[in-house]
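The structure appears below as structure tokens.
Chain IDs A, B, C, D, E, F and G follow the sequence of writing; residue 1 opens each chain.
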Amino acid sequence: MEDTLFKILDYGVYGTAVLVILIGLYGALVKRSLLKIVIGLSIIDSGINLLLVAIGYLKGGTAPIFSPGYLDNPKIMVDPIPQALVLTAIVIGFGVTAVALALVIRLYRHHGTLHIDEIRNLKW
Amino acid sequence: MPTLTFSEKLSRFIVNSVFMMLVWIAFTSSFATHELIVGALTSMIISYLSIRLFTCCTISIFNPVKIFYMIWYLFVFLWALINSNLDVARRVLTPSLPINPGIVKFKTKLTTNYSKMVLANSITLTPGTLTIDIVDDTFYIHWIDVKTTDPEKAFTDIAEQFEKILLKIF
Amino acid sequence: MTIIITIALSFMVLGFIFSAIRFVKGPTAGDRTVALDTITTIAVAAIVLLAYVFQRFIYVDVALLYAVLGFIGVIVIARYLEGAL
Amino acid sequence: MIGAAVYSIRQKDLLYATIATGIISLVLSVLFYLLQAPDVALTEAAIGVALTTIIFIITIRNTVRYEDEHDNKEKFKSGVK
Amino acid sequence: MKKFVVILLLAVMGYYISITFFDIGFGDSHLVEGVVPVKDAYLNETVNSLNVANTVTSIVVNFRGFDTLGEVTVLFLAVTALGGILYKKRHQAGERSVLFSASKVVTSGSKLLFPAIVLLGAYVFIHGHLSPGGGFQGGVIIATGFLLMLLAYENFTVGHNTLSVIESLAGITFAGVGIWGLIYGGSFLENFLPVGTLNDLFSGGVIPIIYIAVGFKVAAELTGVIYTVLHEKG
Amino acid sequence: MSIMEIIGGTFIIIGSIFLFLGALGIFRMPDIYNRLQAGTKATTLGGMSLILGVGFLEPSWMMKMIIIIIFIAYSNPISSHALARAMYKRKRYPLILSEDKENMDAYSEVNPHEKEEVKS
Amino acid sequence: MVGTPVLFVAIPLLAAFLIPLFGMIWKESVRVIPGIVLAYLLVLAINLMNYVMVNGPIVEVIAGWAPPLGINLVFSAFSGFLVTLMVFLGLIVWMYSYRFKRNVDFEPAKKYFLLLMMLITGSVGMVLTGDIFNLFVFIEITSISAYALTAFYTGRDSAEASFKYLMLGSLASAFLLIAIMIIYSQLGTLNMADIGSKMHLMKPAYKIMAIIFLFTALGIEAEIFPLNGWAPDAYAEAPGPVGAAFAGIVVKAAIYASIRIIYTLFDLSGAYDLLIVIGMITLIVAETAAIRQEKLKRMLAYSSIGQMGLVMVAFGMGTEEGVFAALFLMFNHAIIKSLLFLSGSYLVYNSKDKLIKEVNGIGKFLPITSFLFVLGSFAIVGLPPFAGFWSKLSVLTAAADSNMLLIIALVLIVSIIEVVYYMRVVNRIYFFKKDESVSTQRPTLNALIAMITLGAIVLIVGFYPDAVTGFLHRASADLMDKAGYINDVLTLN
């Protein structure tokens, strides 16, 4: 039972994460709507978080929580550090998304559109 | 927001704290002393802060008769839920989709908001019906297989069994 | 026991697939939200079942959270569709 | 999850894209859970289930719902925005 | 044309990232030979000298507590930035976030559920060192409860001053505990309380205190975010 | 295999079948209200029964399982009710198959129909 | 020793949480508290610098765990020098913007000063930290403050500039996280010294991937060429003092981080060549772009990017003279570019488009401000008696020592371009006729004091360069000493 589960997880996880990152990048770079760009950025964040957690994974491991019954075997626990980092990264990503959406609202208030070609006053 | 007398506040506070405490014990699933102390403190603080919000019932809810009716209601409700699921299964699995949907209405005798809410939830989970709106006393029900459009008959079909018990509880 | 859990999980995966199809097809926003709601419930069940598979009681907290908060997301969308927001 | 991501990028209606991000978050949370990271799954669940949705939806309410500007004008004329 | 170039670029990038990570390998130790990873030390110290069950919590709050301080600050800054970006000279009179209340089912339901959600949040951050979860998650849950109330009622308000007072007090608690550790133990955020026994509610020394402070702070901040954003009328 | 395991396994199988049927119902039903009907009921009971089954397999988990069940049973109907009301206000009128179109839609006395059907 | 380096982060954070509370009681406190904090930090920095000059670097440990486990802060001669510079500039910017434009109202003032303080704190944290993930957190603190400050004015384009910055910034943080994870998956640690000591074990392919991602990420913050799209817009649309803070503080921190990574973490020799090539391209592109600008602040921004390219080139030489020259350039650039931004924003105070032609003949109306601007222009192009001359000279000698003749030629050509566009502005200030439609604004007293302090420093360093070169030699020696750094951090306890 668990073996089949691990086989599914095996290489699919990295593949999924990389694909999600690429899709998000595509959305952020190609789409012309500001909201789509923000959605793309948040998708990139998801992909990165998945990648980070996948790095800390250990086959047959269990969560690094020493609850009763799991007190004396730290060897089978998955790596806790990437999880701690991802915790931080998720919260930071949320903050950035909120700020980005506030900027989108303000741009709309001034320009009356979200289309990036009509907003572009400043040259790159 | 209505102003509350002291006794009302006290009774709400007690009811609220007891419920919170039960929920806390369910969350922790443990009877260690520390957990119970912290749980009691937390539930008291929260119930004190939300004393205006949690207005479901007074201390009289601990009356044994009411508790008996509550348990009975639970059984009636579970029976209806299982029935409704068999009903859904039958409809979904039949290739021709035997449905005849429509919206009917009926009036209820319940007065408080909470009892209406419980009734609406029960109706939603029982065979073939889905509450769409409550306007004052009138329930508007989406019925997957309309048997009658007369409010009285619809009431007997859909909600009577629940309302009888709910009237006793609230 | 293993075979029972395998069967249950495969049923859930099938359910997920059907909901996903409804999500992609669904003509209105409401249909898509119904699909989201269903997927949330399936996820709650799956998380509890997997907690049993992994034999860790503390994992159940995740399911608890989804059970409590899952419907708030639906209400957000419903309130927007209602025109209240 | 990949499907939901592709969908939310390709969908013209931003509301549907937002609901799709909800599904991405849910699947992501289950994946974290499978990778034995309940802490992260809990965080992703708590943030993704309602908070992200509400800020996206409020932005949509304050701006436009359709990616294509022409669509918006059509909808605006017929009174449903 | 631009699309094509971007896709090509992404394909190249994706190829290189993929081969790197596939080469690193999934699900087993991929360290360079002869390196002792930090995680072993973390796992041992967590049980043996801190007596905290959840290693992730001990890392987030104690070993790498500085990151958490920064993270809380990021949220605080996000609230400030939202206020700054969406600032208007004066609010129009009668401006409401939600136009009308929801139906009776939703209002009564959320009224009943609200204390339970807050209790769940409290449970999550009080038990942060024993079970998954902690300050952030608990705070987010409480903020979601407030979101529910704000959505269901047209005239539910949250005191803006109360929020900022709670936020400031919680932040001061966090930084103050850190500075107390500096004075008492010699380094910032050092633990100065007895650590208790493993898997007991009162264990882990200073960790639960910090997590409770973080919980209050995150709850106040996110409620502030929701409140600010809800009152923004385009 | 003890008696508890048999009970738990039965509940789990029943639950998963109902979850699947709920999803199938969402897939097959013709309009949003019927989908909500199928979705809410079947998934609620399915989830409840499956979680109860796990509770039987591990009796010490029972209390938490019951609280999860209570929350599911409490919040699912609320959300589907809110969604149904929102869709009606959004002018997505229910599909009516029978001849008697006037009486079959009682809710139209509160929210009168408008001619034009709008894509939502 | 009077304090520990952790106070550089802890005290501003404590103050940031206190400001809303005090703001309810006494409204002026939202302006006063950041000033007090920055002044205290300056005193602290100077004290710690004195200590470090005598006793060697301070390594501070957080939460009582020795470095591979806990996070550590390093206050060495190099980082301490930059911290002192940043805190000093922060104080100047604070004094300048005490009652600047929108800061008069209570709510905006509260947010402005809070964000400004956090911007400085984040940059200081970036310089001090010895942990690679902590670096990420501080970068995020800095960038969020920067996004909000860029969009601080409610004009049309400020939000656009800020959005552009935000987009690139989030890509940067994504890349940074990927790089961190590649390194972590191989070495199992996040501490910079620990990574540095184990880096030779890593496979070269991974090293290249990691350094590409790291460099892309930090390059966005440090305005390196293909990634500097955000910079001119952000500089031009942000409030004047914030532009100075960007040029003087944020970019310095980003440069520090990338240099620390290349010098201490990695042992790739190709990285130095990469630095030189990228720096040269940045230099040429930015300076040629600067000459075409019509807006004053955009011109200054492109000039700033060009200077950063020059700093990169100097670091890329890899010799101790090169590092010394780069540090000298950074110091001069921080002081002079801040002076230019501060005085320049009074020159175009009331105009809407901030065009260069609007400064015509302004020398008669604002004599002191114009004089300071001209002083800054002369100094930055490297005319002999001013500060910029010595730094350019040191770059040239360092290049000559390493036999890099191409760099010498390049620096000379670029200097000529700089002379052209700066002298154009100076020419307009003094020898053109005033356009009557443009109204001028006299600087307030605190702004004047701030600008004059900077001008005085420019003059002092110009006539007496030995005032800083001692520190700089010490700092550059410190940067080159990789083994010493690793030893200091890892042998704690």
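By our rule, a contact is a pair of C-beta atoms (placed from the backbone, for glycine too) under 8 Å apart; a residue touches a chain by one contact, two chains touch by 3 or more.
Given the structure is predicted, the values throughout are model-derived calculations rather than measurements.
Trainee: Starting from the defined contact criterion, work out which chains touch subunit A and subunit G both, please.
Mentor: E
Trainee: How many links in the shortest chain of touching chains run from subunit C to subunit G?
Mentor: 2
Trainee: State the pair with the higher C-beta contact count; candidates are E-G and D-E.
Mentor: E-G
Trainee: What whole-Å value do you get for the distance between subunit C and subunit D if each is reduced to the mean of its CA atoms?
Mentor: 16
Trainee: If you average the CA atoms of subunit C and of subunit F, how far apart do the two points sit, in angstrom?
Mentor: Here the centre of subunit F sits 12 Å away from the centre of subunit C.
Trainee: Can you check how far apart subunit D and subunit G are, centre to centre, with Cα atoms defining each centre and the answer in Å?
Mentor: Going by mean C-alpha positions, subunit D sits 38 Å from subunit G.
Trainee: Check each residue of subunit D and list the ones that touch at least two other chains.
Mentor: Answer for subunit D, listing residues that touch two or more other chains: 34, 36, 38-39, 41-43, 46-47, 49-51, 54-55, 58, 60-63.
Trainee: Do you know which subunit A residues sit against two or more other chains?
Mentor: Each of 9, 13, 19, 21, 25-26, 51, 54-55, 57-58, 62-63, 65, 67, 81, 83, 87-88, 91-92, 94-96, 98-99, 101, 103-106, 108 in subunit A touches at least two other chains.
Trainee: For subunit E, give me the residues that contact two or more of the other chains.
Mentor: 17, 24, 30, 37-39, 42, 54, 56, 64, 67, 71, 74, 77-78, 81, 85, 102-103, 105-106, 109, 113, 116, 120, 124, 130-133, 136-137, 141, 144, 147, 225, 229, 232, 234
Trainee: Help me check something: in the complex, which residues belonging to subunit F touch subunit C?
Mentor: Residue list for subunit F touching subunit C: 1, 5, 9, 12-13, 15-17, 19-20, 22-24, 26-27, 32, 35-36, 39, 43-44, 46-47, 50-51, 54, 57-58, 60-61, 64-65, 67-68, 71-72, 75-76, 78-80, 82-83, 85-87, 89-90, 92, 119-120.
Trainee: Enumerate the contact residues on subunit E facing subunit G in the complex.
Mentor: Per the touch definition, subunit E meets subunit G at residues 16-17, 20, 23-24, 30-39, 41-42, 45, 62-67, 69-71, 73-74, 76-78, 80-81, 83-85, 87, 161, 164-165, 167-169, 171-172, 175-176, 178-179, 181-182, 185-191.
Trainee: Once bound in the complex, which stretches of subunit E touch subunit A?
Mentor: Subunit E reaches subunit A through residues 2-3, 6-7, 10, 13-14, 17-18, 21-22, 24, 26-30, 37-40, 42-44, 46-47, 53-56, 59-60, 64, 67-68, 71, 74-75, 77-78, 81-82, 85-86, 130-132, 136, 198-199, 225, 229, 232, 234.
Trainee: Residues of subunit G touching subunit A in their complex?
Mentor: Touch list, subunit G to subunit A: 133, 137, 140, 144, 147-148, 151, 154, 156-157, 159-164, 166-167, 169-171, 173-174, 177-178, 180-181, 184-185, 190, 229, 233, 236-237.
Trainee: Can you name the residues of subunit G that touch subunit E in the complex?
Mentor: So the residues of subunit G touching subunit E come out as 4, 6, 9-10, 13-14, 16-18, 20-21, 24, 60-65, 68-71, 107-108, 111-112, 114-115, 118, 125, 131, 133-134, 137-138, 140-141, 144-145, 147-148, 151-152, 154, 159, 162, 178, 182, 185-191, 198, 201-203, 205-206, 209.
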